[in-house]
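The structure that follows is given in the form of structure tokens.
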Amino acid sequence: MDIGKEVLLEMYRSMQRIRQFETRIRDLAVANEIPGFVHVSIGEEASATGVCVALRKTDRITSTHRGHGHLIAKGGRIDLMFAEIFGKRSGYCKGKGGSMHIVDFSLGILGANGIVGAGLPIATGSALASVIAGLNDVTACFFGDGASNEGTFHESLNLAAVWKLPVVFVCENNGFGEFTPMRTVTSVKDIAVRAQAHGIPGHIVDGNDVLEVYQYASEAAARARAGEGPTLLECKTYRWEGHVVGEQAFLGAGAYRAESEIEEWKKKCPILRFEKFAAESGGKISGAELERIVAEAHKEVEEGVAFARSSALPDPAEVTDDVFA
Amino acid sequence: MPQINFIQAINQALSEEMERDPLTFLMGEDVVLGAFGATKGLIDKFGPTRVRNTPISEAGFVGAAVGAAMAGTRPICEVEFASFFYCAFDQVCNQAAKLRYMSGGQARLPITFRAVYGAMGGAAAQHSETVYAQFLSVPGLKLVVPSGPADMKGLLKTAIRDDSPVIVFEHGGLGRLKEEVPDGDFLVPFGRAAIKRSGKDATVVAIGAMVSQTLKVAEKLAKEGISVEVIDPRTLIPLDAETVLSSVQKTNRAIIVDEGHMRGGAAADISAIIAEKGFDFLDAPIKRVTALDVPIPFSPPLEKAAIPDAARIEAAIREVCA
Amino acid sequence: MDIGKEVLLEMYRSMQRIRQFETRIRDLAVANEIPGFVHVSIGEEASATGVCVALRKTDRITSTHRGHGHLIAKGGRIDLMFAEIFGKRSGYCKGKGGSMHIVDFSLGILGANGIVGAGLPIATGSALASVIAGLNDVTACFFGDGASNEGTFHESLNLAAVWKLPVVFVCENNGFGEFTPMRTVTSVKDIAVRAQAHGIPGHIVDGNDVLEVYQYASEAAARARAGEGPTLLECKTYRWEGHVVGEQAFLGAGAYRAESEIEEWKKKCPILRFEKFAAESGGKISGAELERIVAEAHKEVEEGVAFARSSALPDPAEVTDDVFA
Amino acid sequence: MPQINFIQAINQALSEEMERDPLTFLMGEDVVLGAFGATKGLIDKFGPTRVRNTPISEAGFVGAAVGAAMAGTRPICEVEFASFFYCAFDQVCNQAAKLRYMSGGQARLPITFRAVYGAMGGAAAQHSETVYAQFLSVPGLKLVVPSGPADMKGLLKTAIRDDSPVIVFEHGGLGRLKEEVPDGDFLVPFGRAAIKRSGKDATVVAIGAMVSQTLKVAEKLAKEGISVEVIDPRTLIPLDAETVLSSVQKTNRAIIVDEGHMRGGAAADISAIIAEKGFDFLDAPIKRVTALDVPIPFSPPLEKAAIPDAARIEAAIREVCA
């Protein structure tokens, strides 16, 4: 598969925006500038990016509690995300949702979700809507290895398979659910195998290789669009940071995984990997181009933080708005 | 006006609204065959894309309704018996009810859930429960409990056109109850109680299948000169508290009759509203006539003992009017 | 596997008791002598029997809404079952449960269940209790093809697999869930395949061959007892009667399946099949022995009906008993 | 007596009861590490057979607790945030709650469920809900809401020894609240309310985290000569209605303060009992101070506006005492 330069740069831009956003959010959370729980996806940028770059603007996604990366990859506005996570009126959800509940309907982002596994039936329904309305939009559904043990995972795969719905199920297997190693609570080594329980294709994907993710996602999306039904992609990756920002404070380092394991995975950084690919691209992509993207992302993030900080908090009177349509 | 029964009223409402909006569709277990009548024939009118049998996966297909609604369609989702909602509670209570609010008003969730509730004769604890109380304190849902065919048609049509999640509860014992129902576009608004009978001595708020039971009792007591006002709230959320309160202002006595349980039930909810906003009108304690706080038993004499009947309704009215 | 004569006769007795009980219950229900919903398992006697005969008395089972056969096969008393289904005080549950909720703790029957798929986690927990208490009892879990689309199916298989629990999952695939053909709502042709999603053995079994069921169940139970974890058995069978007794009254014949299909399956009757096997056993099992069993079952059923009819209804005052321990 | 906090009280109760009965075991997500302290160290004392991390499968492991209990063990099942119960509602409400009754008393279900509830600062709608009202009208469950460390220890130990399913709700904001807690075998019985402060002008029934809030307000009002009696029911099922009613008989005024919602909430439940059984004692409407009927919002000023605070509690007391 020959990937055009524009698309390649788009991938790098997405990964940089995610990495810098998440790093900044982490630091702001540690500095107690942000209320509530914050889950970041540093180290997992390639799966969010590879999938969303393979989608059309009119396609939809569902996300998770660790959703910043998915939203950014689908085109989410960093300033509105910061504002929401700061709890400001100018945020995506007027401050009502926060980190775990960011939504942007204009971009087909049906939402992050605080309930593990809840996004799978919702994504399946979103794909069903395409069939009902006669549109050929695809829905991509992000979820974790832990979520694949929720009954909603199988109920959704079954429903999508039986009705041949245009949905791509993307499992980001980062090896842990909270502080529990995936292997200790999961009956199979590879989540992709579970596709066999529903007679649909299941692929193991190197989740730190944005190009490989992009290829599998493109094929799965094309398949879905052609009316051939769902695909399950298992992106093997790893989360560098804690399950929730600040966990070190009460857990201490090495509480549930070895520092060395983290270091091993940092060597497999999806961004470094792409930069290596670019360097070997025989000038197709220049270092200068990448540096400009890094700088642009940095500027976008800093402007986003400034926007969020300078924005007003919601008026308490708004608390009763938006319950019913 | 033609006389039709409860089930036919549902069928009419579904058929008319699916006719009206091509983005409306129906899904649930065995809706294609429509064995019990409510969805019979819809497959022939609207075809397999819009009338779908689901697997037995309540969380999965209820959640699919949520996603389909957010993505711009208007699902009608049947959950056979209301107690099966328990298998999909997260999708109803954490998702459908909260997504609009959490998204700051971005999400529209035009979903109509239909389910059968109540004791219908030996269906036992897992198929006889009156489940709406469990949704009362989940902000974001609208709860509808029609007491007869005309309200069923008019309220169900309103539910389908509503842009928020609505649960329509159908009492399993009312299926063959007949009355005159207007043809065509007949809508009953939410939040408007029906004064089923006016009276001056006591206000009885009766819900769902308890309405007809209460009217019979009121009939009987009228002969003795006890004049009972019977109010059917029709929708529990939104609730027409004004109509209830102004009735209590007139009668100075309040009784709530509900097939749900006593502890934490819809009767307690309405009683508390009266005790807070209508206290000064009251000359007597607010009585509740509800199911006993036990799972609904199988054996008919036990089931009969568990749920409210005319005798208990009558005794409660006499007590507050004494 | 050489099966002793006692065991073979026990199988025949079980199938006869089930067949005659179910036939009688069906007729009583049609005659409106019984309140509520009644689901019978005529034609499915071999799966209940083959599994339960392979279990020990101390082993446990969970059952379904179509549970009479499972209970009888595990040794349930027909008189107490009739009394319960008649709603009498002398019934298994004092009339509080009815057909869908019969329990006999003394026989390890944890109960029928009115909620499809609810028995799977309960059976898994029962197996967990064996591990906690250090006993080597096995739990067999009956459920239908429809139930295998509930999330609880996968959550239970996963949990049992991860913890290597002594449970045997027995799917009775009778081709329908209510009036919906299994193939129209299920992503796979064979439920047994779903074992692959949990790395456990899954076997397709001829559910109308009691001997084959017995063999697979014996192996699965032995495996469970040896601490090697759960097995999934898919018993292919068919229900001769309606989903619920009386459905013909409002559906009419042939509403959702062809009469001819039913006739085809009646030719595969598990009881006839066993009688054929017996006839060819070279005198190991005589026709007279089988006839005696038929007569005994008939007597037991008729005495059970008489017991139920002559028993008293519960006292309404008992309605508030048994809510809390 | 040693001062320990809410979390330490939980840990002590769990450790002591698991010591006491070898058939007691603990399961839930991440209970082995016990990141938030409640289950910390139990793995070292009791080993991997009795302290089990579950997959993220609420229906599966809650149902496993039901089966394990029926098969003779005594599970303690942790469900992190109470709103995750929605994923397991069938196993709690259709199974655990009903199986004893449906089996005619054969089944014993000694299960203790633990879960965190309430707004704790920016956890948003799916992690801040006060969920006990949804269980109030499900007969067969016992509901416990401790307001401090001592009650937490004593009630949790009682829960673990109880042979019926019990849900112990722990407010997420009380974790560091300290008080003196008796060592060793200290049990608090169910169905016995605590009079946290006696007074004569008004009765305030406060639940869970609202107890300490209400006591502060009572303190303040005392200085102005308004004497408030504060009652902590401690267990919602069984409920000590007698203590509440005799207090209202003395004060003639009743207010219920609960972090749950207004519609169909625990406050409505208690209000209705007073309106029915204590009507003649009352000189004023029964006020409820509850969360607004909205999903709990994320942003701190909105969250603060949604849940009851000292100002609203004070205003309600002044209103009924006026």
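The first chain written gets the first letter, and so on, giving A, B, C and D; residue counts start at 1 in each chain.
Operating definition for what follows: contacts are C-beta pairs under 8 Å (C-beta built on N, C-alpha and C of every residue); 3 or more make two chains touch, one makes a residue touch a chain.
Keep in mind that what you see is a predicted model, and the values were worked out from it rather than measured.
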item	value
Intersection of contact partners for subunit C and subunit D	A, B
Chain of greatest Cα-centre distance to subunit D	C
Chain centre separation in whole Å, for subunit C relative to subunit B (CA means)	36
Separation of mean Cα positions, subunit C and subunit A [Å, integer]	45
Whole-Å gap between the CA centroids of subunit A and subunit B	40
Residues of subunit B whose C-beta touches two or more other chains	54-55, 57, 59-60, 83-84, 86-87, 90, 94, 101-102, 124-126, 139-140, 293-295, 297-298
Where subunit C touches two or more other chains, by residue	93, 95-97, 101, 113-115, 149-152, 155, 158, 162, 184-186, 323
Touch-based graph of the chains, sorted into line, ring, star, complete or other	complete
Of subunit B, residues touching subunit D in the complex	59, 83-84, 86-87, 89-90, 93-94, 97-98, 101-102, 124-126, 133-140, 237, 239, 260-261, 263-269, 271-277, 279-280, 282, 284-288, 293-295, 297-298
Subunit C - residues contacting subunit B, complex	34-37, 87-88, 93, 95-98, 100-101, 113-117, 146-147, 149-151, 177-180, 184-186, 247, 250-251, 255-256, 313-320, 323
Complex contacts: residues of subunit A adjacent to subunit B	60, 62, 91-97, 101, 103-105, 110-111, 113-115, 118, 120-133, 139, 151-152, 155-156, 158-159, 162-163, 321-325
Complex contacts: residues of subunit A adjacent to subunit C	149-155, 157-158, 161-162, 184-189, 193-194, 196-200
Touch list for subunit D against partner subunit A, complex	29-30, 32-33, 35-37, 53-60, 83-84, 86-87, 121-127, 292-295, 297-302, 304-306
